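Below you'll find the structures, each written out as structure tokens.
Here chain A shows up in two complexes: once beside chain B, once beside chain C.
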Partner chain A sequence: MANAADARSPNGSSWPSRGARLLAWLRSDRVYEALNGYLFITPVVLGFLVFFLGPTIAAIGLSFTDYEPLSEVSFIGVDNYVRMLSDVRLHTVYVNSFVYMVAAVVLMNGIALGLAYFLNKRLPRVLRYVLRSAYFFPSMVALVYVAIIWQFLLTKDGGVVNYYLSLVGLGPIDWLGSGIGAVTSVIIVDVWRNTGLALIIFLAALQDVPDEVTEAARIDGASEWRTFRTIVIPLISPAIFLNATLTIIGSLQIFESILILTRGGPGDSSRSVVFYVYEKGFQSFEMGYASAISITLFGVIIVLTLLMFRARRRWVHEG
Partner chain B sequence: MTRVWRAIPGTVAVVILVAASVVVVAPFLWMFSTSVRPSLEAYDLPPRWIPTSVTLDNYDAALNHAVPLVTQFFNSLFIAVTITVSQMITSALAGYAFAKLRFPGRNVIFIVLLTTLMIPIQVTIIPLFIGMSQVGLVNTPWSLILPGLTHALGIFLMRQFFISLPGELIESAKIDGAGPFTTFRKIALPLARPALAALGVIVFLASWNNYFAPLVFLRSVETATLPLGLVLLLGPYKSGNPAVVMAGTALAVIPALIVFLIAQRWIVESLSRSGIRG
Partner chain C sequence: MRKRLSGSAAARISALAVAGSLAVSALAPVTVAAQDYEPPPSDIEATLEIQNWGNPEDIDWFKGIADGFREKYPNVTIEDNFVPITTWADYINTLVAQVASGNAPDVINIAIEGVKFGVEKDMFLPLDDYLSSDPAGAELLADVDQPLIDALADENGIYLIPWQWNSMLMHYNTKMFEEAGIPRPSDDWTWDDFLAIAQQLTTGEGEDKVWGYCIQTFLFGITPWFFSNGTSHLNEDWTAPNLTDPKMIESVSFIRSLIDEHGVSPAFAGTDAYQLFPASKCAMTGAGHWTVGPNAAAGFEDYDVLPWPQKEQKATVFGSAGFGIHPSSQNQDLAWEYVKELTSQEASDSFARRGASNPARRSSAQLDEWLAFPESAELFFDSIEYAIPIPSPRNQPEVETIFMRHIGDILAGNVEPEAGLLAAQQELEPTFE
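For the complex of A and B:
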């Protein structure tokens, strides 16, 4: 707007009109707001460029080299990617990561939805608050600490878990030392820690379901299960997709619990992709190869996320 | 009779809920109980959930261990506080701009920033490590602080909040002659306190709990953060005294517990707001 410029340009002087017009343009509300907008986002854009985009591009670059610290680097084209095709260990760790992912998506969301549904029933306020807090708390505690506690509990001889199993005539199970036991342990710790987070999101969604809708279904004679399946589930489908997406991304990055519980063993039976990347990159220092693996993981995450968004568009009920 | 039948599902629900909460709480209870019992009793079976004899020896041993947990506690605190303050400022500014200021490319830039949420840390960590070694920042807190100064999650959460502010509020400030920054600082920011608090807690805990990046960047016991220290306390062959390890773990969990008790309501609100309306 011109009035801002009028007030600021020196009146009656021979100020060249071009400068005045530029000043007026800069001072106009629209441009001034836009300039402020860019200024406001400058820190986060810089952070993005230096610490996310730059390193990501560098990682893609590294994945085409045989980079190792303190040795000559050379461009080796797609050799790292070709090597992955015949790296049997990589195939194993990918399968393990997918097992963790499927287990997390199914178990965590299933348990969280069930508990959230019960929690949303008519309960005394205090009881609901205490229970919700209890469920939610573990997800605030570092996975390292959680894993440290659990590796004591899961000890084969003298562990608390096996003690209670022995009371009902089971076990002893070699939780941390056998292949299936190790995978199961990692899943137990992941589900135990993160179910509360999914539960909070489900609970918020369930609270948004209007009582009249479920009440009407009940009056029409629908059973509770049928009401839940045909009315509640569609209404909370956005939360289901959000939780599923978060669980997919999260479970593909399980690291600490594997380090503490099993170190990836026995053999490679509980090793995940990110654990393998860490060992390749920072223990055997094959940073080029490790970068290439991490790029494939990034690709997998992108594809899965896009698939989730497509599925969401198709199935989710938008209120 | 029908009333009894009606009550059964409710009772079953409560039983399931309480049973689940016992499963969730028991490991923490075992941690506390083990940490205050004489260390010879650590492996007693059946497990003693309620200690019969209480001692603070394990805490004493954990605090005076060769692994300097106290130093590491303050390392963790320094890193977490710096990152939290920075992200609260940068996320509030950017979130406000993306929600309330109009400028060309606004939505594209926002979406591009959000895609970083999909980048696993394992992708960026190798180039970051190489870069940090070149500028000599490996094994200093700055190798963790600098990449943590901004984050897409904070931008997203703050934008979600500012979008919910009525536009008239901003417009009326503008008519009163306030520029964008004044409007942001005097009108929008004070209203954003609960959202900022939630963000602060989430960022603090994420940094406090972080393990992977510190494992890569921090290479000595004096610069290590608390999670690294606890793993050292446990020992490479898990040979650490369980009672002492549990005492150390309890000390590390307590700050999270305090923050949680204070801030649970804000976090839940913030998660609920961003969760459902996608």
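For the complex of A and C:
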């Protein structure tokens, strides 16, 4: 009782002693460190809430409405999702997006791995730095400029690429006006621009491969190709997994290069799902339907990413 | 078609009524209406927000107008939300986002393409009361041709005060014409005349290739081919697509034939006519007055202009832009004063001297600076006599997106004009419901 009475303030309140205890608790090392930690992650958490979780929840909500800006909003249940089943254009743009994805995963990672392997060889240091910067340079240039330059290069009549093709008796190829040409152009620009980033990741992984392992293989008589296939590839498989996953996610969101290069045309030949979402949301002002499409794309990306992680156990060397 | 060219009859009546009341107030200055409007006091403190568009080089001109306004209203701040123009859909979307966020601008600068959409979304205050009650209102429209006013009005009133406009004229390289011994065609030249000249001027191969004509890749730029054939991509009251009209099929087939049959035009996709023409890689192309300034800046002056070649009629397309006031503005009178400043004689003259688009005031288009170049510069403004407003329904952004997607497919040779236009018609019809 005496202790309890001592803990009370002159007016009978017990909070000063509680306050003192709280202060002591706050000053303890464990709590102090935890608070610091929370403070450090607060900007990231806030950013996540404001720029990711909030918009995602809003998009899910809007996908069940017929929302158009400055108009009354009505709840329409799953009508937008049902509409997608009969939207032929949506099916086309999904096929296009998967074509971009496959092309990006295969070409971008294949080229990046080949170049990284080449750069990892015994090249003069200066040459290696120059080449590494050159390969990475396209990733640093604003895509708007990149696409405009490529449009200039790929124009059928008067384009630089067709000019050089004509010198060897080829073409002209309608890079931007034909269906196959437009898709090919978008893939070329996308691969050209993003290969540098994948290359840096592969190069870092290759530099971690112990020289003694590859040298031992060569001493045992393994060819360059066999060493690469059976020793290097397994050892850098985590990097391959990382690049493949990033490429899948990125390629399914391809947008800017299409906007500048082909605007999705001719027809819908080169239109991606994200471009279609932009068109429905910001040109037709069908925000509800655009939200529903974006939610399905979000689902597709999550499923593919989960499949990648599931398959990881089978082929990624974790040692 | 021609009958609708100068706008709806109701809009005309409305405009005439306003003009009539203005005329009356001019004759008898002491009227009730004239006493109704009192400009805000010069010491008023306020901020006016303007939603604005244009080319980057227009920013300084707008800043000059704002500085002039602040001499009259020194305690007023002008916040200019200037958006370099890309497409009308993007600009309208920017405007919608701003209004939807509860931060509607006081003054809106927009073109005919966004008028019906804006009216449907209650984005414009009808200005008829101001025009009739402010003695200065009469002067604002007295110098503006009626089609330009009608394009920014409907049966309920005038929403925007015109400040600039453009029409498509055929630009031709005078040096190439001279070298080929081709005299300037008459102003009533035909599609056949045009094609014959384009064929004659298409020369060379590879890097030496010169095209007879470069096609525009935007809707406004190809619309004169429809109008000059007596048709349009929408019906007369802009309530439905008109793409299965045989004349539309004929027009689109003609444009396509310039590429694949006659070989006088480069591929549609990826071609920038406004780079090729000043580089003398195209003998002819369509444009408004907006290219005169950039051509001069590029040192290119070997060209003149002609009316669009005719098939069924002498016609081209025009689009006008104006300034309006958002109904939720807390400073409507002040916004009206700023609209007057932006559309004043002084502002219009200084705009014309810059050599950008056509000024809305006819007198500004008669300035020596305006008429100095090209040689037939007067044709730009005179085209208002026969030009048709660009069809601008409430779903105009959607119409342009869908129609031009199919046009791209047709002109790339991926689908026949008839089938492509039918597909576009079927896709567009539900968007008008």
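Details
Everything below uses one rule, namely that the second predicted complex is superposed on the first by the 299 of 319 C-alpha atoms of A that agree within 3 Å, B and C clash if a C-alpha of one lies under 4 Å from a C-alpha of the other, contacts with A are read in each partner's own complex, and residues count from 1 in each chain.
Basically, contacts are C-beta pairs under 8 Å (C-beta built on N, C-alpha and C of every residue); 3 or more make two chains touch, one makes a residue touch a chain.
Just so it is clear, the model here is predicted, and its values are computed rather than measured.
Superposition of the two structures on chain A shows chain C clashing with chain B.
In the superposition on chain A, A:175 contacts chain C only, with no contact to chain B. Looking at the superposition, the partner that touches the larger set of chain A residues, chain B or chain C, turns out to be B. In the superposition on chain A, A:282 makes contact with both chain B and chain C.
Contacts of A:70 after superposition on the shared chain: chain C is touched, whereas chain B is not.
When the two complexes are overlaid on their common chain A, residue A:151 makes contact with chain B and with chain C alike. In the superposition on chain A, A:265 contacts chain C only, with no contact to chain B. Look at A:163: by the touch rule set out above, it reaches both chain B and chain C. When the two complexes are overlaid on their common chain A, residue A:223 makes contact with neither chain B nor chain C. By the document's definition of touching, of the two partners only chain B reaches A:122; chain C does not. Superposing on chain A, the segment of chain B with clashing C-alpha atoms against chain C, chosen from 8-16, 26-34, 62-70 or 170-178, turns out to be 62-70.
Comparing which residues of chain A touch chain B with which touch chain C, the overlap comprises 69, 151, 158, 163, 282.
Chain A meets chain C in the complex at residues 69-71, 151, 154-159, 163, 166, 174-179, 182, 262-269, 279, 282-285. By the touch criterion stated above, chain C contacts chain A in their complex at residues 89-90, 93, 96-97, 99-100, 121-123, 206-207, 209, 211, 266-271, 276, 281, 395, 397-398, 401, 405-406, 408-409, 411-415, 431. Chain B meets chain A in the complex at residues 9-10, 13-14, 16-18, 20-21, 23-25, 27-28, 30-31, 34, 43, 45-47, 89-91, 93-94, 96-98, 101-104, 106, 109, 112-113, 116-131, 133, 146-147, 149-152, 155, 174, 179-181, 184, 205, 208-212, 215-216, 227, 230-231, 234, 238, 242, 245-246, 249, 252-253, 256-257, 259-260, 264, 268, 271-272, 275-278.
Within the complex formed with chain B, the chain A residues making contact are 29-30, 32-38, 40-41, 43-48, 51-52, 54-56, 58-59, 62, 69, 111, 114-115, 118-119, 121-123, 127, 130-138, 140-146, 148-153, 158, 160, 163, 192, 196-197, 200-201, 203-205, 208, 224, 238-239, 241-242, 249, 252-253, 255-256, 259-260, 274, 277-278, 281-282, 287, 290-291, 294-295, 297-298, 301-302, 305, 312.
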